[in-house]
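For clarity, chains are labelled A, B, C and D in written order, and residue numbers in each chain start from 1.
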């Protein structure tokens, strides 16, 4: 399935919907099924010792699954996360960005399921893995314009 | 089982280990099995519409499980989250703090499991539920004191 | 909320919907929010060493969440599990039944969320914990018969 | 990493460890990282309507992750599932086998993490997805024989 928005349109949309995080993430690739998202790691994402915190990795997985959900649907700001299961497998490398690779496994009328693998840039061993479910509210069918 | 640290000692410990979040959380209650933690919601935790973001709720669940794990063990800064499964069930109320109630279900030698329910203050319907596993590194056996 | 079916009606309903498992489970208690279900452990549920297998515990959690979902809704055989996250925490005791305690945390129009704790009979330390989401198909709004 | 057992050795090992399920599963492929496992669906795996039950899919994911864990380690019957998160995404097709594709994402000293996708044979849309953690008991450090 093709994406219904360009990369540029999706980035602008994210900046409206997640204004607090607009400086954290760069959407690097998107089609109707896969997404690549970069977390530009900064001091605020770190734990003592220099590794990226769990909540920062959760935020990266969540925004990646959000884009994977929106890409084939189009703007639908109200989609909400209903479930996330995440394994933290390795300590992220210090001083490098994190790269998330998302893949939309199911695009249903009411639910989507996306799997996400997160890597330290330059490594092919995943630091974390997540499966996320988004709930898509029913379309307002009366959105008729006269 | 009794807690090995006082509430005050645990708060100081959290401020060392999670310096970025020390202004977000207040540890309200702790024994060797249960924990009550408050997220003082502020602008940076919110999504458009005024509800608390998923990553902020994840952070709250994570720190709650961390305290539940540390309370019966004592200072062990290296314990790390290995798994989290979380259901987001209701929209948090706008303008109120979130209260997390954690319960340690398993205290093993290598792993702990904690369940957490998160409520908007003043409501008894949970907004989110989480199960978290922490991995506890092996004790340094040479901790002998002469 | 009250249950819309009696214990006896629910047991009969389960036997229609899950004919393969009707000899495994006994529904011991049910209201509109909580459920107690017994797995009568038999040879076919065991692993070498005499402990109950993971799939048998999954089946127990799943049927418990199904009953928690159906109790306040009424007969709705089509509800399906969409997500399960489960922690296996202790080895079940050999030679005793397992008792599952379920609690419905969310009853939405499209989704329910139930948490389940599983105990070896006679112990208060849980052997497993699960969170399950059931998807409820939209009601046929008319079902009109002419 | 290479597998430490042949396909034939692993099948024999499974039949010792999981005697109840030896007629259900066929191990079709295995190296030190990936596993392909078939569930030969039979009446006992089905729900009314002819689809494969959730517990049968859980059992398939579980045995797939067990083989992915054992392949690079060798015989270690005591490894146990500690966590499973599973999304059920589509109704399995009636009358065909299920094929699970497992991939070992982490092989740690104490824990392994495997992801599993399950397909109805002949379809490339997954019916279910799982992430499983196995706990590996410490090795007997010498096993010395005098």
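Worth a mention:
Basically, contacts are C-beta pairs under 8 Å (C-beta built on N, C-alpha and C of every residue); 3 or more make two chains touch, one makes a residue touch a chain.
These numbers come from a predicted model, not from an experiment.
When the interfaces A-C and A-B are ranked by how many C-beta pairs touch across them, A-B comes first. Chain centre most remote from that of subunit C: A (centre = mean of CA atoms). Rounded to whole angstrom units, the spacing between the C-alpha centres of subunit A and subunit D is 29. In terms of their C-alpha centroids, the spacing between subunit A and subunit C amounts to 33 Å.
Mean C-alpha position of subunit A lies 24 Å from that of subunit B. Within subunit D, contacts with two or more other chains are made by residues 82-83, 85, 87, 89, 133. Only residues 82-83, 85, 110-111, 133, 135 of subunit A touch subunit C when the two sit together in their complex.
Against subunit D, the residues of subunit C that register as touching in their complex are 16-20, 44, 46-48, 53-56, 58-59, 62, 77, 80-89, 91.
The touching residues of subunit D, when paired with subunit A in their complex, are 85, 87, 89-90, 105-106, 108, 113, 115, 117, 126, 129, 131, 133.
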